[in-house]
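What follows is a single structure, written as structure tokens, with notes after it.
Read from first to last, the chains carry the letters A, B, C and D; within each, the first residue is number 1.
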């Protein structure tokens, strides 16, 4: 079967290369064609894919194209993306012609033809690449490469738009299935969970096992049929009495050997596994589905909160121009408060005052809250419920947020209205302690 | 939860309806909104879906829209499709503006904006409807309604193009999983198989059971994660000694009680279950994957053939203008041959001569073979291998094809080349008996 | 592999047959040995099984023995069972010797040796037969044959004791798994359910489907790992408002298209599938586990009852010697009441009076209630809760019970105490209507 | 439910304790009964279990008994086993009476009664304990405790016989299911595999992962329905070119990233997980089933061998009385050969000569080969195929076997005959190199 497909592919490759005028004789074209450099093979394979060939041949050629892609190094990948940009975009002449036709007739056929002309050819190319077995995950990873390449080559954004367009369609929410992750999950899945956890990195199998203890922990993930055992996104939940105010109370809690009587479910880590799915959002759905399942399973639960980082707080504070802000920043930077309870008590009102502003009233250039995690949860309809400081003394958290964390509250009965207000008016619903802290700052700064 | 979502929905509906100027007071808007006629509810829900609302609200509104659709009668459905055509197409002013911008700048941003302007809004609408649980299958069924409506309203084709575009993307081959159907399959699946079998209709559970006897039968189907237990397409296979020349030898064969020693796998019935997936082709992939699995399982198999109907033969013969064709047609219409072996022997050369022409050289207006089943198998790269007459004496087959059937041959090593020749040059690869029969007709008629 | 095993087996068979003095030459012993009549082959295979051979050979020989058994006709089976009785029992000389040794030493080794001597050899034989793939189910069926054979040959009971002993051990409750049966169950399982339902026989797939409607019906079965898809026992449950007083209200109830609001779960049919498991009781466990699962799933349920037949009522009434009983019997036998509501009202007090006696105070020779179904449910700790007459007008029920049925009530909090009283004192806990009915009869008859 | 069961249990406990004359008043018996020491509770629970109580109560009491057992310390466990020995054995008076009855009547009823009298009561007790959820595994572990206790209390063997008898019946081969273990297995299973591997202990998850690499490794285990995720026995297989002669070539082989072309399957580690199943042998079945599956999957395999330790070689050599043996032993003990290739070459003929004798002709007191692993494989019908020295330089292997290993060969076509010869005549089939080595020693020593 494999051999046969190769023979087949080479025939097509052969045909293409002759047509391109780059080959004259016949002979053992097969061997030669497939021993060309990956850059050449991928370019030929893409051309073949856009030609009128049979479905099964397409599957074989798509496989070859993706295999060739896997051999590319960084500069070659960038060249490939540039090829997608330049050779698989739109044809201005086609657009003009289609537009004029439509402009005259204004009928549906003409509109369709115009749509065809305006759709970049790479959308079609990506759809055909997706025919190969296992292609979807490879295309997600290809987009991840593309996003990296875009840092130095912003013009590639046009290519990314097409990736984003197709991935949104393929990763439709209806195709996802939520699955509980526990010690009965396969090692293949668990290993990925360990690798993908970046909010509170895993310390190995023992740490993972602790986070899966069914007595006081839960973990859930979304999977997609075309990406098999890859957890697309997963959330870690702690079942607690009361709302925890520091991440260490979760990460280092002693293991219970019987189910705890919890009134609170704390979403303390949410991870998107695949950077290539940027902008294709499932987090929202996952949190709500998990909240709904936990409600059904554990009747004692009365609260769903997060314990979330504030990854932009330090940078934002840095950028504040007031004397008071500068004073706070300096005090925090000294880090002499970390182990000094009195110092902490002294600093807390000031930290909370700025933190409340940071979450509730501050806006970035795009007019949204400066904190990316805040944008996610507030956009889901959660409220900014309680500030916790210091709540995370890991080096990373000290640097990014001076150790600040926050609980967002998910009240099922309120999320839609709060989402609405946030989207429409930018209103950030917040808890009483934030309101207090805000008041402390107002009129002064 | 349900109540809450209704309340929410009604808020949006309320908002929309006020904006539309159709409501003034406030009060128990909820109740009223949801007690409106389905035609009104679906129209409002579509508007809400296109507004800027939260994802979870969208899920609720999409559910409402699909629930309202389920209540529509035929004329109301047609009205709904017309609404999709007229209200959710493109905006000519937008297109003009985007085109002029693009024409000046010719950059990627402008091209993207033009693409947005040219994409009919109903694509976005359909994507959002697809957020509701179980929506994908409902949208497939909606398209089936649309196809029926198009018989009297061909202008709806523009709407169908968008359905086809999205369904092709959602029913990507990589998302399908092939599953063997046997007596261990669930009753829920088997019942659907019985309902969907239209080539050789099932006579009930006993007939089904016979067709699943593992000793000499196989059945395989494709499933999609978003449509659950719905078999999208399925193929029935008989394992035989030699190539069967009549369908009755398959359908009424005595049941073996041990595995048969088969050299041939006969694909004797292929059914697309969901008319709403018209044009989204899996048959090709299914046949090849089944052939590959059977090869691996049963090393004795040396041949993969179909035993296929010729659904357009009678009509095509009718349309032939020669004396000879008319004579044959009259003889066949008399039906006195059915039970008269001599008569059959006398007529056979003539039937085969015309049948060979019908399959190999005849062309319809579009330049393709007139037989739809032939187009499918030849397009897959199979050859027209052997004519069988009479091979199906059911009333249906006598009427449509004067009892004619044909074996298409799938040779794994040849299908791609044959596909290529068929697509490029229209060449129909055919077996020796068809070649003989063709010769009989040539130069005379 | 198969051939090799045959060769092997024949070697052993060969050896055995020589030892038995029935063969002298060597030659193609294999062929001959395996072409002997089944009666001979099974006898030889049993001897081989008891010899000192390898485990894998044992598996092969056990297979041969069971294959030979499958070819036996009724008289041959009886002869086989007689062989088990006579040739695979105990050896009196061994017992005497072991007893004397034990009597002298009284130590554990001697006790073990005595145990060995007293254990019939057929227990060991059955354990070895059970090594063959699929053997467990075949042995269950073999016992079913044995039970039939015992009707004319009560001396075979000694053989049955050994079957019962081993099957009780193999079908330990801990090895069973309960499974819900519904429309997603495999056709292979559902077909067996249809075949095994004998309390209220199934009218075909449509009837089955009705009984699986998730809105108001449930079905559960026990399976054992060694008998695969065979449902060992299953119970059918109707979810109702109030306690139904006639079986027709269950069997012919219109199908709801949404879940009903039920307060009662009615176990209306309990079937032991395999007669060969007689005396190995699971019914008790199944009912309690189902009640417990339904409680967890459906919080509205407040009552678990049966709607049970009274299969021995007519015969018992027949045997009553009083004038009053005879009068009632004659009136019931006339059957003119069946469609005459007035007649029914007139007869009811009398029917209930005798029925109450039948269930509550009557005793058979063994001192237990005469009704077998009553013995089962009362033994489980249920109470005789309510008489229903007429409740089943099927010919079978009219003949066996004059149409009488009864609800047994399972109160989880009371079953153990009631079981205890029933077992210790023979007390039948009964509902108020039975108490009334009993009073009506007392002191008169 | 739980509360109710406790109440219930206490009632029975109450009853029993009154009967035993140890309690007089009534009152809050429940609390008190369950707060008694575990030794008392288990003793009472056992008595209750043997009384005539309902099945469901039995489940509850069995649970209590096993819960109490879990609280016992070592001396208390020994006391418990002694109680099983003394209070749950046979009643000599019963035996005598039953024997005399049988001796007079010699009929089947009397034989059955005698069987009853001779069967130790603890068999019945163990069967009833086995009713509790999860009981089977707990009883296996209890037997493991028993085996340990027997070291100092050999009289407990009588108790062990009953455990062995029942476990053999419950762990019937037909109830086991073989499962491949790989990286898709659950962490819960894999963790147990790591814990139970004692032949070549696992170095952690990375080591495990290496041993599960599908390109050149396989692992299979047997599971039983009543012990869930516990792998009862598992075998690790390496797929190699040629037969490996040292364990390090397997344990430290570089990982291939594509399937290897193997001609040999090496069973290099076989582990029985549960000591409590001693004497209930599955190894035989597992090896043959694995060989059969691998044959079907990998057509290139032509050989199935083990690479096995020789755990008794050093001790056996120590016990040899000849000058030559002593000389060899001394040389080996010096260990200066380990890293000195020349020394090795010099010693090898002598090591092989003694090793050949050890495996082929030496016998222990019971008349069997002195090596336990040899007894297992030879008893399975394998041959002693090739000596490998030095093959394992781990401290453990140097101490127990001076680094010696051996390949046993499983030839499917020969195992039954070889098994037969081994069992009947004690013949050890051996490979040519062992034959050579044997010759070297003969006539001299």
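The criterion applied here is as follows: a residue touches a chain if its C-beta (ideal position, glycine included) is under 8 Å from a C-beta of that chain, and two chains touch if they have at least 3 such contacts.
Here the structure is a predicted model, which is why all the values come from computation and not from measurement.
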item	value
Steps in the shortest chain-to-chain touch route ending at subunit D and beginning at subunit B	2
Centre-to-centre distance between subunit D and subunit C (centres being mean Cα positions), rounded to whole Å	36
Distance from the mean Cα position of subunit C to that of subunit B, given in whole angstrom	50
Where subunit A and subunit C are represented by their mean Cα positions, the distance between them in whole Å	58
Sites on subunit C at which at least two other chains make contact	none
Topology of the chain contact graph, where touching chains are joined (line, ring, star, complete, other)	ring
Chain pairs that touch, as defined at the top of this document	A-B, A-D, B-C, C-D
Complex interface listing, subunit C residues touching subunit B	183-188, 190-191, 205, 209, 229
Subunit C residues touching subunit D - in the complex, by the definition given at the top	1, 4, 8, 11, 52-57, 59, 85, 89-90, 92, 95-96, 99, 102-103, 106, 108-109, 111-112, 114-115, 118-120, 127, 130-136, 155, 157-158, 161, 166, 168-170, 172-175, 177, 225-226, 281, 284-285, 288, 292, 380-381, 412-413, 415-417, 419-420, 423-424
